[in-house]
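Labels run A, B, C, D, E and F following the written order; every chain starts at residue 1.
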């Protein structure tokens, strides 16, 4: 099934090992972003994934496109132009030292792009799903309008719309976020949201209330408990058809904290696209999230078989 | 005591840190192989260790020889010729992501070498022990014949023969392995085998049965429980003189999963060569194995004093 | 214009900096091969480039595919299966120390693939050009048959066929090479060959003789003079329509010696595809070759604008 | 003598070795900027160098400050606040492949800072010299006002003002640049300018005309000829007291192309501060510039003794 | 408050990752030493920190000075001369493999410096505190005399003196250490000591006994339990004004074991300088120590806000 | 032929690429020394090379031994004990920036070893040649006595003695050097010396005078002209049997400047050991020296075939 995603992709600069940003004499360079990570994971698993955005017509924009193409993502609808590629610095935490993200993403080519630049008909031709996150409307008026236009076009082309709330307090306040997201909710079929954000933004402590209030076909909640910078536990829920199921809970020793939620979203879309039962769906999604935390970079570099094996309880033995 | 080992040595390519193979822009290059690792550990501990095999007459063959010489192994009996050095790619696992080994070792110079190329008399002159693993006969008809010839020559020169079963399902099936190994068992004094392989290949669930069936002087079983990719527990047993002793059990946080069994074998040979009592012998062997898991690469880079200190219960404090 | 290429892609392992192979504790990992490099360069320049071969269904095969996708190459027709990805070790030379290539490419998945595995109709549908090199038939009987089948299919679908002789003495002898290549010549429109190989394999010291003997529409000769490992001079010729033109001659200080001929071939195909006059065509091809020598890796990572600028005589100033 | 400099400092991201930006999996991180480089060179040579600007109150701003402090620069007058640290990507060229700089410096904390934020009296107390470049007013209205305020304050505190024109076509057009710079010229005693920019912006082909038109006490021209990306020749002139002297000309094989002009400026300020004769002054400045081209990074990491030794004709022998 | 520290600074050479010293093909280079680490931490937190010692007048001495300047330490009173910079090799441990420090610090420029070389009046002008550790007198007769002279001068200038016992068995015996330290105790107000060293050197098992015997205003004990090379628990006590308070206890997963005690000392000095209550003081000190263990290198690279946040119980969440 | 060498081996610390020492965040670690380099080159070429010295009984001493064993050198006569391994920092130069060596080698285990610690009879049993350089007696009284004892023992066992003057002004003055070396000359058969040192130390401008004065069987002069830090020209002479021959002259672009003289010495010993004619001998020696300059590290990692090929005029072409 063709899945369209639209959103930002940024250069991610990470110091080597556990070096702090002020100690860093070199940075690992990777490219990622919430929706881009979803597209890359889906492509890794053999899905037809289309990623849409605007990147500057320079070497950095090209490198971002190349990284998606390497994963098998269809980037034909990426626009070129504008001034800059957004970027962020990610410092890995350890023990009680908190991981840190410093954003430098204002005024990116995508954030300033306009809805009419995109060829919505070409983009959504034959698309079965469209995925977006709350980060896109958080990037400013232009990006909000692009997000809205994309949701509308998706619906008109018969694609199911999924939205991951992905609230970022460094980008906008709760009230503004809730207001903007509610405009998009009108088009949304599947809503993914962290349990705390559901409560803080929309006053909903459970999946059912949220689903009913906004008329979502499915709602998935993600849960995370933080023991320290490298040890978290995660699990998820899925509410669909009046029923709520909970995934297995993973106590993790993490390699890379970023992109776990995007892997959950990708896993859920994959599962829904393949007609998995709710329990199997949320288990696949959570296994994808767990797996991602053991992989460097934003993207869940794994095969669908590896995720399925993790669902079946394997994990950790050496294969030889 | 002069210990002869015969077997494969390969180039091992490992991505940096926790990168997956598909993400790797560079590989760490090390050289190792089951029997070579045993020889290097013994040489590290001051033993006279001779390693025998055939390597191609090119830069890669030379680099493999150099790595053994650096550890103090006597490589005068390594032959030159043939087409290629075998290699394998080793992806480090983390959390529930399984470590991976991709072999590319078919048709190596050693696998295609013939028994008559080796100077068995020179090799075994003055040798007290000969060590081999089940990987060598798994490499093909030629290597199987070389293994058999070596065992025979060892016996003729009065060397005690030890064999580590080291079953690899990617190389051969259980039935074929059992059959080939049983041919070698006729010459074997000391047999080392993972508990599961003892049962699956030879239907023996305990050391004594195995020892009696094949008339081994000693049998050591190795045990491993996998919590996740970086956390395992290991212990071992030794059956000798009608008695069975168990080593201490180690709960490990591992740095490098590969070569742990080879360090056990080396530790056992060292202990037997120095006339350790069975309990002390299996404790030394298991301590060597535990220590190896905390060292990068295939080889147990440690001094005999460090292994002995670990046996005595030390470990973890900084020395300064 | 859609350009199809068929051939090998290998893992290239290069020691850091100027380290020799026996000194190397790590290798840079890149993926390349003569025809793959042509495809990647063309894709970099915006052409529709399709690359066809078989890779093993493992992580290394996937990484090779990803590297081509990153460059924008269409890899939908790459088959999966077989045992291994070929590889080669490349030691960079310096001053009078000769650069070295150690091949380990026998029995690769591609070399053992059979002509009937490929979907020739799908591959050549709408193709304007097909490109192959002399390395492919050198890989063995199977690969030779695949090469022949591909040339036939290309012709049947109306694609112009180009062949780069690319003689490698480590792969086969001159006589056998000449014989095998002559079988392919029946389908070839554009022949590219190093001046020495033209003489040594086919006894032709000039382009015209070669063109007339084998009825080629175009013949390009490449010339190289070696001052030392990092300083070469190169130029090229093009014989077409009864006329011979010579490119500008470049005295180069090289960063990476490998892939220069492939960049020439890609440049020539690009030029012919865009209808450049012979002089402009050979100049563009030689500029691409020169540019490649200043880029790390096998592939000419450059834009068509950069090649054109080099043709116009620019080069070396910093842009800021 | 206390020398005050005011200007931008940016994160510089450089791919390893000769990798192109689109190939880069990691970047070396350094901090530099035209005026910051001058301050660091002077501090290296034992001068009291004060650097003034505004950096964001985050880890990147701190790292920029640390890098200057390491060189011995006084950073007490650096303000904290604003949104972002400017950055640029620098791709090293080779042979005919042009080096590339991609700027991402718009809306930096410094570019948006206002003149009244700075404590001009504290900054210039006891200062003998003030140095600025044409890049600062090119950053926008705010920065232009800051530059003007700084020049005025410098004059009021009796400091001699030097200005390096440093025209950057990617930042502004020639006409706008000329106009803005002429406003600053009213305060300038020492003007440094590339020969071409002198002609293109101010229509002056020689030092004397420029000095007389704007009433400069000294004018230095810098000359550069580009053979290729790694080979340039450079020399300089100094016009002072009615006389023009030319420095020695250096044919260079360069390690790092960036910061050569800043080293010239620093060398000239050092020479003038120590009362060198014009010939010795321009020779010292040009030697500093030459030396810088052999050092990685923006800053001329060298001692004053090393520069003096280069002036005396030494260079290249190993010291041991 | 101006805090003066006096002591050694050395080059620290650390193999990459978990490599053992005999495996290391490269070393990370950092500069540190007990008192230098205290100075750098205090400067990181905004204190005026002065570091005093002698370094050789070569590139290594300069690099050591630069590293302190980068952290904001005032190095104006560092002397230049003598023969060599001391150095040490630090091998990171893992699991039961013990971390190792190999010193090569004899006859350093500082160890051989004489008390009369230092400008004590300039150094202590306006100083509120002076800090030293037991390592300095352990370096030899000269260094012992320098330590004594510094303590005297500190007292004469009204600075409170703190001493961290920091006993190192590789440098001297217990008896000699106790004797030398007792000479310094006459000037000491604040004594920091590991519980075991308090007992083994001075026969004191509790803080009060030590405080009363030597008339210290404050005594802090540090406690450490070692689970393995990467897992320790630490806590501390503070005895002041007749009362003893205990800090929170931290179970840590460590990144870098070295410098934890220095961070405790810095934290205590910071707390005392800011008039924290004893409980808050020891909590801040221990939090600084805990934080340091999660940072690479000897120095606690952290802001005072980060330490305070850790005291308040936060830790481990990602900030974005 | 068994060749014994005796001398120092040190840790060499080299910043990455062209970084200066004060910029270095990491060092490449290699082990080398004048006589050790000779031994390693000879072992690379298949000779039986024995290296004698004392190293500390710690990890650094072991690493130095391992590096020689890797090259195939016999290290059985290396003593263990003493305090430290000498080391040096080597900064690579570029263009007119001079390469730099900072020594930290005083009081090494070898420099303080005593002649009676060595088993001279075991060392020289069956030895055909003994090689030493002027660096050894420069290390102090003990080392001078060791050098003398070794020369005597060599002579008594019938080994030919070769000495490379290798004058280092940072270690001793010319007068003291001349005096100490003349004591050794009584035992020397083959003397190698830089043309300038021959004149400055012994007042000899030509080989013959030197040979006759000290009764040397052979004298080789080495010549070097320095264009810049990376471009030198070198050639050599050999005076033997009343005849003087000159080698080919090499204009080099160098990768690593250190160890070129040691490669010349090794080449000469190899040539003399194989009975080459004088012209062929000096050509082989100079080719070895030239080759070494293109290899990273102190040691001439090359095969005898590669040196011979360079003598025959090849060089620079890629082999594939």
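The rule we apply is simple: a contact is a pair of C-beta atoms (placed from the backbone, for glycine too) under 8 Å apart; a residue touches a chain by one contact, two chains touch by 3 or more.
Keep in mind it's a predicted model, so treat the numbers as computed, not measured.
Participant: Enumerate, in label order, the chains that touch subunit C and subunit E alike.
Facilitator: A, B, D, F
Participant: Subunit E and subunit F share one sequence, so how far apart are they rotationally when you fit their Cα atoms? Give it in degrees, rounded to a multiple of 5.
Facilitator: 180
Participant: Which chain pair is joined by more contacting C-beta pairs, C-D or D-E?
Facilitator: When C-D is set beside D-E, the one with more contacts is C-D.
Participant: Looking at where subunit A touches subunit C, is over half of the residue numbers used by both copies, so same, or under half, so different?
Facilitator: Same, since most residue numbers here occur in both copies.
Participant: When the centre of a chain is set as the mean of its C-alpha atoms, what distance in Å lies between subunit C and subunit F?
Facilitator: One centre to the other, that is 45 Å.
Participant: Indicate the residues of subunit B shared as contacts by at least two other chains.
Facilitator: Residues 17, 20, 22, 25, 66, 100 of subunit B touch two or more partner chains.
Participant: Mind pulling up the subunit F residues that touch subunit E in the complex?
Facilitator: On the subunit F side, the touching residues are 13, 20-22, 24-29, 58-60, 62-63, 66, 83-85, 87, 89, 91, 100, 102, 104, 106-107.
Participant: Can you name the residues of subunit E that touch subunit B in the complex?
Facilitator: 17-20, 22-23, 93-101, 103, 168, 170, 226-231, 257-258
Participant: Report the residues of subunit D in contact with subunit F in the complex, numbered from low to high.
Facilitator: By the definition above, subunit D touches subunit F via 17, 250, 252-255, 290-291, 293-297, 301-302, 306, 310, 314-320.
Participant: Would you tell me which residues of subunit B are touching subunit F in their complex?
Facilitator: Answer in residue numbers: 66-67, 69-72.
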